[in-house]
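Since the structure comes first, as structure tokens, the remarks are kept for the end.
By written order: A, B and C. Residues from 1 in each chain.
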Amino acid sequence: MQDRGPELSIVTPLDVPGQAQLDLDRALEAILFIADEPQGVVQLAAAVARPVAEVRAAIARLVADYDGTGTSGEPRTDIAEEEASARGIRRGFELREVGGGWRFYVRAEYDTLVADFVFTQSSSKLSQAALETLAVIAYKQPISRPSIAAIRAVNVDSVVRTLLGRGLITEVDTDAETGAILYGTTDLLLTNIGINSVDELPHISPLLDDGQGGFDLD
Amino acid sequence: MARSPETVPVPDERAPGETPALDGAAVDGSDEAPGFRVALSNFEGPFDLLLSLIAKHELDITEVSLSAVTDEFISYLRGLDSAEELDRASEFLVVAATLLDLKVAGLLPQGELVDAEDVALLEARDLLFARLLQYRAFKEASRWFAAHLESESLRHPRSVRLEERFRRREPELRWTLSAEDFAALATLALTPRAVPTVGLDHLHAPLVSIREQAAHVVAVLRRGEPVTFRELIAGIGQRGVVVARFLAVLELYRHSAIGFEQLEPLGELTLRWAAESWSDENLESLGADYDE
Amino acid sequence: MQDRGPELSIVTPLDVPGQAQLDLDRALEAILFIADEPQGVVQLAAAVARPVAEVRAAIARLVADYDGTGTSGEPRTDIAEEEASARGIRRGFELREVGGGWRFYVRAEYDTLVADFVFTQSSSKLSQAALETLAVIAYKQPISRPSIAAIRAVNVDSVVRTLLGRGLITEVDTDAETGAILYGTTDLLLTNIGINSVDELPHISPLLDDGQGGFDLD
């Protein structure tokens, strides 16, 4: 739209002709503000053309800022940093890392208040069988349907279909030997349970690793 | 290994036999809701606790009267009405099958480790324990999933419509579908999902039909002579068949077609025909619980 | 969940059992944060059960806060107000009054950055999920979001938003009973498909007309 002319002054997306260079923190704030799914740091770094490490640091500042425990804005050398210690405002929103990225959420204390304001879609709850199968897949992924069935000791076909339909699991690979489809969990599942990676799943007894030994661990 | 529950020193746990009031949740982090409880001669409490004790070898599986557990379970089933409770009940079937496996493995003579078959039997038993533990572990993990799905469903991510001025900056839509394509898409989207069947049968172990096994048991017992379970499974090499036959016996008992007699724990289990009227049609519905 | 006992302490939506009373400014911030449409002060006042004048004052504080010219938070008498003069952060977003209500917008300086981000994020083609949802809407219109979700057996919120954003569907009505928004297709869609009216859509099997049945929603 805008005539950017022949100048070569636009070096990064944070340099906008005719105005002061954008602050990294504010730029990320603006992007996250319109994003409607979690944004990974790599994506964000690409959007602002800054190193991932800087983006990570900026996000940490933003999180602290919204939590009222710190302030945000890129560290500056040109002006004295007088108010770095200022007690900030604990905002009605927060930045959370879920499903492999960062996303704005209403802060939990305000959930009840805002609930009336949003159209909350009542998604039907998963059955116990679906939850248990989901747990097996989450911990054992990638896993084939026969392997899930062996652990659950029942036919899991319809449950697997339900989980696929909900987008909570997906086909990730094919077993090289048997050709069976291998399933794994999706980022949507991570988002739905409010964690950022399967590494954040609670630890379950190491005896599951080989199905042997360690009976006393329970 | 097969310690009697009465003499087991229980280090960090309460004695299994005398603690009817203890809460399963405190021990194994399981149901706070009053689920299926069992009252046996040597154990009384939630079913989950029973499993947990068996899994820890603090209660020998051979000491547990599974027929009593099954009786209690059947009466528990009669009192169920909500879907959630039925879910719970179907869990029991899964675990019960494993328990029966275990019990069969536990009851079969062990003796000295003289041949490969005995070794295999012991290995099978350990594997079964492992399976039970694994089952329980995932069951507990599923509670974590349920809790997190629930709490997260109350959270509100910012998800508002893109501002008009940014919408115009989206790349122009490239539309490639004809009306027919679009109709096909609608048909696809609106068709109830058909069951995608992938031939997986070759990957499963051969299935044993409880119904077939029941037919065999009926045929043997209808001759009128009492038969011991040991006789009933004599010569069967496949563990799956033994288990299925045991399940068939339980099923027939549930239908009051046969009666049990066991004079002492671990003693010979004698079966006799008890049905006053029986037609082979009764077999049709038998074991339907185990079908999937 | 919590035992609220016999007390009558819950007077307003800002009183949440088991936590400190919500700050008016933060509560409005949270509501505006998730609201799709501009919110009038009267609506907002009703949501927080506070007088319109107080809500107006709170919004003025919020505007100044995000502009970096003031701070927000209800005036308090219990703690000394030391930092009212603190120079705040000029946020990447701002609160603006449009069409008789208040809504959050990305601050103008970040427009280019955000527009570029949106451009790289979005594709010129609709996803399969979006196309299928569009087809459901076309054949079942007018249809509410929960009804679409029931047919698709997945959460369709973001897909519906995409289709709205693309101008392929629009809000056509409101369900008389539930108040749910009903969606229908636009002329733009018809143009894209190359037909004049939805009546020209090819006939699909009447078996599908109820769009339900046989779905195991689990």
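To be clear about the criterion, contacts are C-beta pairs under 8 Å (C-beta built on N, C-alpha and C of every residue); 3 or more make two chains touch, one makes a residue touch a chain.
Note that the structure is a prediction, hence the values are computed from the model and not measured.
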Query: Nearest chain to the global Cα centroid?
result: A
B-C or A-B - the one linked by more C-beta pairs in contact: A-B
Message: Just the number, please: Cα centre separation of subunit A and subunit C in whole Å.
response: 20
Field: Chain centre separation in whole Å, for subunit B relative to subunit A (CA means)
entry: 36
Message: Between subunit B and subunit C, what distance separates the C-alpha centroids? Give it in angstrom.
response: 45
Query: When you check subunit B against every other chain, which residues touch at least two of them?
result: 156, 158-160, 162-163, 166, 193
Field: Overlap residues in subunit C, where contacts from two or more other chains coincide
entry: 33-35, 104, 106, 114, 116, 118, 153, 157-158, 161
Statement: As the complex stands, subunit A meets subunit C at residues 2, 13-14, 16, 19, 22, 26-31, 33-37, 46-48, 65, 71-73, 83, 86-87, 89-93, 104, 106-107, 109-110, 112-114, 116-119, 121-124, 126-127, 130, 158-159, 161-162, 165-167
Query: Inside the complex, what are the residues of subunit B that reach subunit C?
result: 156, 158-163, 165-167, 169-180, 182-183, 185-193
Field: Residues on subunit A engaged by subunit B in the complex (per definition of touch)
entry: 33-34, 36, 93, 103-106, 108, 111, 114-115, 118, 123, 125-129, 131-132, 134-136, 138-139, 144-146, 149, 151-155, 157-158, 161, 165, 178, 180-181, 191-195, 201-202, 204-205, 207-208, 211-212, 215-216, 218
Task: Write out the stretch or stretches of subunit B touching subunit A in their complex.
output: 28, 52, 55-57, 84, 87-88, 90-91, 94, 97-98, 126-127, 129-131, 133-135, 137-146, 148-149, 151-160, 162-163, 166, 193, 195-198, 200, 203-204, 292
